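This is the structure I want to talk about, given as structure tokens.
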């Protein structure tokens, strides 16, 4: 029932219902985290406590939405994979991305306050996130998506590690380090790290090299074609209670996925 | 340059660039605020301190984004009107809605902590918001949009005021009050309020009856057809510095708009 | 390069690029064919010559666009299945649907003139078609789509056959036949046809009961991961030259598909 | 009611309802008309009989759809302007573009057969069209859209006229004429036409220089806020019966529009 003659303006609303039976990935991304990390004095190249804040916030989101099967993140971004048959918010794009951005933001604030009681957040420099949703139609494209993000993590971390070690151990300025690394490929950076800084990149912490994988260790048993309402509730409950693992492992090779066939159905 | 053979997955990303030269409205809406307000013990029918938190959070957003010309809100929702020629985030829908939801959430948390030091937020019950963007092609539809929201505020507030007064003043239970009001129209509720509770609805605070309007009091003078870069910067700066008013006034009739012709160009 | 200061209006154009790696189905549908068939005096319930016109027009489209793997049609509609990796018109939705509607229309006119030289088309009653594109993410949904259309063909044809035979053989009026069939299920109609009209529905022509399947009998051999330009051309040529079969067979059961695994990859 | 368990596949269909209260422009464009005109031996630079075919086909479309207020075309393209409040096909994008492409195609065929009985269309070279829909939010952008198309017509026609006259009158080859015109601006081409070919471009036929405007000369009188069903029918009937003018005039300057204020409301 219309509450007034103005209600016609609802006709201008548009919804994008994400294509059914596709895998939804929602990626949240920190806004202006370069300045944010400078303001709060993050350790370089990686601040393990700040990473913990990100990872705990992402974990809280995974716990919050049982439709999330796994998440992968590094630095100031996180990607969440929703079940192919997920009906969260009727798969409405705006609802999904705005809700994820909102939860990520407030969980980050809460976890920050726990982790950094000595660094209270100031209103001029708050942690905010944007989000986008992308749908992938099949298992291969989902795996390639996560490979893309993990390769990106590797490339950035190798660069940042080398850059900051050149400054720290060799006394270079930022500009000098940048020039020095210009045009180098991965093997060059490994070699520079080793010969100039005495560091074997392979020995760096896995959390920095691989990023963080959060996975709901849950296989839906006895997949039922047309579950009754009661069966649906039982499944939903089991999914909610499923253990959530936090890992720092390779997700480009097949092992991670073959051990969890339910992720890609 | 592709960082890896996986980068092709970016081709699955889709963007909705909102139609140029239309007025963008972004509405943020509290998620589960019924439970939220119960958990933190809001005053009924209106908690003025909680409203202050909403209004200050919205004001912070208006200050943050100079493209916002005005905002209107009541209860747990707020609508932001962007300039017709606004190019914020290239008018990308997902970027806009996720960013607004994120800012609203963290500003709300910050303002909450200021206003309610005695009620610390718990992680199980955090304030989160979703957001949607709608475009309106002309002045009339923009005005009708805001009229729609203000009529909605009025209808809800009249109902809630009568409902809670019947409980408070006449000792009804919630169920009794609901039954009593079932099928009544506005004039009935005004009469009930007056005769049963001794309250003249007209004397209720404007902030409850009208909601809150936040407006950037800024007229772009000497509108230039093709401004130079320097002119653009000067305009942007002026817009940023413009005074922001907070009002509780009628925006359905013409006065509010005719006094600020720049809002609808 | 802009040809004039007006060229900015192109910014209002919007494109929907259909999601990559999904199966595109384009369905064309006759506009007002009820009146069209009445005007040109189609045989009832099926006009085999008019069906031939549809089928030849659809065949011409399949021959025209090598990206089409198969097509299915009955009555005044046809569905075309494009290869999952098809890049026709960069997968632009408007370009695809308008082009298919246009080709279907002109081929229909040409084939009509060949088949019905005694019934020249008049400008007040021309054969026109609209079209829509739908994407399906996997083999199962593609098969279910075509099953949906073939079930629809069956239901319509069984109804129409019974309806017209009641008129023809039992002397009912249209209204009487409609009332007679109201509320009947398939088995009832089979029984009515048999007992009242002496017709065994199973013996009706397959083209009426099953509709028409057009399939490019082409398996891309030696699927190459990253084909060279020369290989691509060779594949495209082979696809173009592939034999096109016209069948009236069941496509709901698995046989049709298992014999042509390349259709669903 | 679902006719079968396969009907769920309809959930994959997506509709783009074009934004209400915006001006819809549908532009149809000939596919491969370069080859088409070569095959059927069009006069160069303009074939007046082929233009007549286009214009009559477009006129038939304007007559067919009373929601069309005006149309503008030249060469092998035509743009149709629909009323701002038009509800044709519920403003569904795919339905609109496919239907317009279909009608344009069959009307073109019919008009071709009338105009060129000596040149029967062959199935290998049929006239087909694609179509796109664009929405414009206000009067200025609509006017600029049509200005854009008329400037385009002018630029193309001036080039083509000069190019073909150099071949015809000065005995140049196509390559020579192309080289000769390379880098020239409008005034150069006017001068070349005059000095080398003795032609004053201003004296060329208006239909070539300006293109063709088709306009429904209809002002909705006594605009009613909420018309009754009977009033609606009367208005629709009047619109249908309105006279349709065919003009070759300037639509960049204001006169055309100020004489027909109803076009832009």
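Read from first to last, the chains carry the letters A, B, C and D; within each, the first residue is number 1.
In this section, contacts are C-beta pairs under 8 Å (C-beta built on N, C-alpha and C of every residue); 3 or more make two chains touch, one makes a residue touch a chain.
All values derive from a computational prediction rather than experimental measurement.
Chemist: Looking at CA centres, what chain is most distant from chain A?
Modeler: For chain A, the chain whose C-alpha mean is farthest off is D.
Chemist: Does B-C or B-D have more contacting C-beta pairs?
Modeler: Pair with the higher count of C-beta contacts: B-D.
Chemist: For chain B and chain D, let me know how many angstrom lie between their CA-based centres, rounded off.
Modeler: Computed value for the inter-centroid distance: 44 Å.
Chemist: So the centre of each chain is just the mean of its C-alpha atoms; given that, what is the distance between chain C and chain D in Å?
Modeler: Roughly 30 Å separates the two chain centres.
Chemist: Let me have the rounded angstrom distance from the C-alpha centre of chain B over to the C-alpha centre of chain C, please.
Modeler: 50
Chemist: If you look at chain A, which of its residues touch at least two other chains?
Modeler: Residues 12, 14, 19-20, 135, 141 of chain A each touch two or more of the other chains.
Chemist: What residues of chain B sit close enough to touch chain A in their complex?
Modeler: Listed in rising order, the residues of chain B that touch chain A are 3-4, 6-10, 12-14, 16, 28, 31, 60, 93-95, 97-107, 109-110, 121, 123, 126-136, 141, 144-145, 147-148, 151-152, 155.
Chemist: Can you tell me which positions in chain D touch chain B when the two form their complex?
Modeler: 19-22, 135, 137-138, 141
Chemist: Taking the touch rule as given, give the residues of chain A at its contact with chain D in the complex, in rising order.
Modeler: It comes out as residues 11-12, 14, 17, 19-20.
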